[in-house]
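Both complexes below contain subunit A, partnered by subunit B and then by subunit C.
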Partner chain A sequence: MAASVRHLLKPWTPSLCFARWSRYNPYYLDPDPSKDTLETMKRKQVEKYHRSPAAKRLEIECNPYTIFQQALENCKPIIGLASVQKGGKSYQVPVPLTDNRRRFLAMKWLITECRDNKHRRTHMYEKLSQELLAAFANEGNVVKRKHDLHKMAEANRAYAHYRWW
Partner chain B sequence: MSGSVIQEKVAKLLSRQNGKPVLRPIKPLALKNEVASRKLKKGEATCVTEMSLLLACWKQNNFNNSVCSKEVSVFYTCVEKAQNKAKEKQGTQGRLLPKEANTLLKRFPNLSSEI
Partner chain C sequence: NLRNLKRICNQEPTITKVQFVHLHIQSSGQQLEAVAVETASAEPNPLSVFRTSEQDPTYHSEGHSGQYYMLPPAHIQKLFPYGLPPRFQLQIKTFNEGCVMVRPPALELISYLKRADYSKPPLRYVLYGDIGTGKTMSLCHALHYCYTQGWLIVHIPDAHLWIKNCKELLPSSSRPSRFDQPIQASQWLKNFKITNERFLSKLKTTQRYVWTKRESTEKGQPLGELIDQGVNRMKSSSDVVGAVLRELKLQAGGTTEGEGAFKLAVAVDGVNALWGKTSLKKEDRTMPEELTLIHNLRKMMKNNWSGGAILTALSQTGSVFKPRSAYLPNELLGEEGFDSMEPFVPVSVSNYNEKEFESCYLYYLDRSWLQHPHSRSEEGKKELIFLCNKNPSILERLCAAL
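Entry: the complex of A and B
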């Protein structure tokens, strides 16, 4: 199959499904990491659910979409740093971020963290699912990075008045 | 119309018939179809008090967002209000913004030569 035939399998509306493409041998089609991450996350959570005693079963979240949303929320920074030049020197000033910027930073951090800091033989979807589950539980490198940013902002709080917007 | 009166005066200033010309222009004496952009007025930092409260709360509780959720929501509301205010304030002082004036002039320019 060509390098990225996967995009042809997706029709223009999510409710449609091309019958023609289902006739191809799945061996030759490239994998869809977005579907695989959600599937692995759900499998891990369901395994955890079945292994846990009855008291803790209600707390375990199995819906991969809610896990993803909550993990993304936990990764979003609240205050960012902007470089402001004043009197010849540039300072890192704590600054409120827009919603779009926060979402973008959270997603970018997740992706770069998965690309760089994981074992090279695991697939991207596995790495993503591990990171998302860790972020859901407020652990992991991405949440640590968010906390580091907040700590830097806290350390530079004296420069907050250098902003003019 | 007053337009031709001005043109005659300008022609007199430029002509050599009455001694040396008073004006020696390098660019054509006509208005451009463009307006110069306004200098941005420097404001002050918005939401500094809410931010400082949030940072103090974080320092006390080891950057735990669930504990400081109230400060976080207050900060967000302040930021939204500041953004709305900044958006409103820009174009409603009675005058046209330089950007808007330029788009209008591009669509309806002053014709300086016959087409």
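Entry: the complex of A and C
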């Protein structure tokens, strides 16, 4: 963030010279919030790996980056619902989603799920890591929400013709 | 023929490089095998040049330097329920084993302990070094050696916990101007009991201690009763700690009969806490004049007893009112501390050297801790060296996120 706002805070007269450190200084390094989630996920998986017998070790995925990518894939809905008004009534019409929209929905669901439905006293990175590991195994509330959306879209198949775009 | 010669000459450097690497691995493999022959332990795995199968710190030597040895789980439970750094405890839980690297400062300390004369007053060893270089781990290694030799261990895992963030500060029952910390004292007594079970029934008190009008411990009672008294009655637990330390000091080197003789190892981490300022305050927001636990520990640090050793490590991370750049004994202990600790044997702990870094890297690879594909390449390794400057704790934090 700091590097991008640098141009806003340059000294605007030749006689002006900044004396103090501030967090709008271009050399300020923002703290990285993602490394805690990755670390907790990796710890849980590596612990499972070391405690399992040799036969099961090949199946356990320990790389936090692949787990994250795969979990996000598992959370992305394929088809979404849009509200279309026809003849005074509004219908929920199944509609294809763009790639951006799918990614956005998956991440939004993960974040809201962690904020609302988890125990109050755990840290966000811990909640996120639990949810990501569950999504990697196709379980958990977010994947359930995606399945519910798919079922709704399947139930409203009849209204698919109301879509004109 | 000339062309063939030229081709061979051009090819040679690569062959010698391969040979050189092979010899390098072979030589450390030979070292491993030589050590294995000496100690007659299990067949060494030729792939794991960074591990040693020697689990007894008594037999660790220069040849093992840079290699990891496994702490037996039974020992970890008994000796270190609370003494290891928190990140290392996480690591033990994750990897399902506790492996400590054998490093020169710890080897030095163990060699001094082997050769010291225990009929004279105890020597004070101070481990000092920059933040994150492995002072606590070296202390724990030396303490493991003492435990395997059958010494009685008095281990204060972090003296800083006794001068800050104490929830209860009671005025002492025995002396008017002193202040007690019942929670910390009873916690420490419980841990002391776990570590030194077998000594508790053998040692007897030499004096009658009166706790309140109705409670007292008679002369000649086993030490276990004294400790139970402290654990059950929180109000007098700090005084019990003082009494226990006094008993141990009196009985440490004394008797030469078979039953009674034991050696005492006093290990204090963060010893600079004892002579610094406290951040605790009384209810009317003034500084307490004296704290029982700190007073008793300071008495323990003096060498007016015999038959043991005092191992300490400085620590800047938990200290109050000290700048982050201070790491030398002079700066951290302060004038008062330095004068009371003098004379001491300083042992310096520094960052990893090439071989130790290599060993650490291979260990993480073996335990599948480095998952990012770039970190497993040569360039990734160079990047890691650059980022952490071979500092053990920073390397550990970096690798956790990879």
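Assume the second predicted complex is superposed on the first by the 133 of 165 C-alpha atoms of A that agree within 3 Å, B and C clash if a C-alpha of one lies under 4 Å from a C-alpha of the other, contacts with A are read in each partner's own complex, and residues count from 1 in each chain.
Note that a residue touches a chain if its C-beta (ideal position, glycine included) is under 8 Å from a C-beta of that chain, and two chains touch if they have at least 3 such contacts.
Since the model is a prediction, treat every value here as computed from it, not as a measurement.
Contacts of A:Cys62 after superposition: subunit C is touched, whereas subunit B is not reached. Annotation for subunit A, partner touching more residues between subunit B and subunit C: B. Applying the stated contact rule after C-alpha superposition, one finds that A:Arg51 touches subunit C and leaves subunit B untouched. Looking at the shared chain after the overlay, A:Trp12 reaches neither subunit B nor subunit C. Contacts of A:Tyr162 after superposition on the shared chain: subunit B is touched, whereas subunit C is not. Within the complex, the subunit A residues that touch subunit B are 74, 78-79, 94, 96, 98, 147, 150-151, 153-154, 157, 160-165. Interface of subunit B with subunit A (complex): residues 42-48, 51-52, 54-55, 58-59, 63, 65, 72, 75, 79, 83, 86.
Residues of subunit C that touch subunit A in their complex: 90, 93-97, 367-369, 371-372, 400-401.
Looking at the complex, you find that subunit A touches subunit C at residues 35, 38-39, 42-43, 46-47, 49-51, 62-65.
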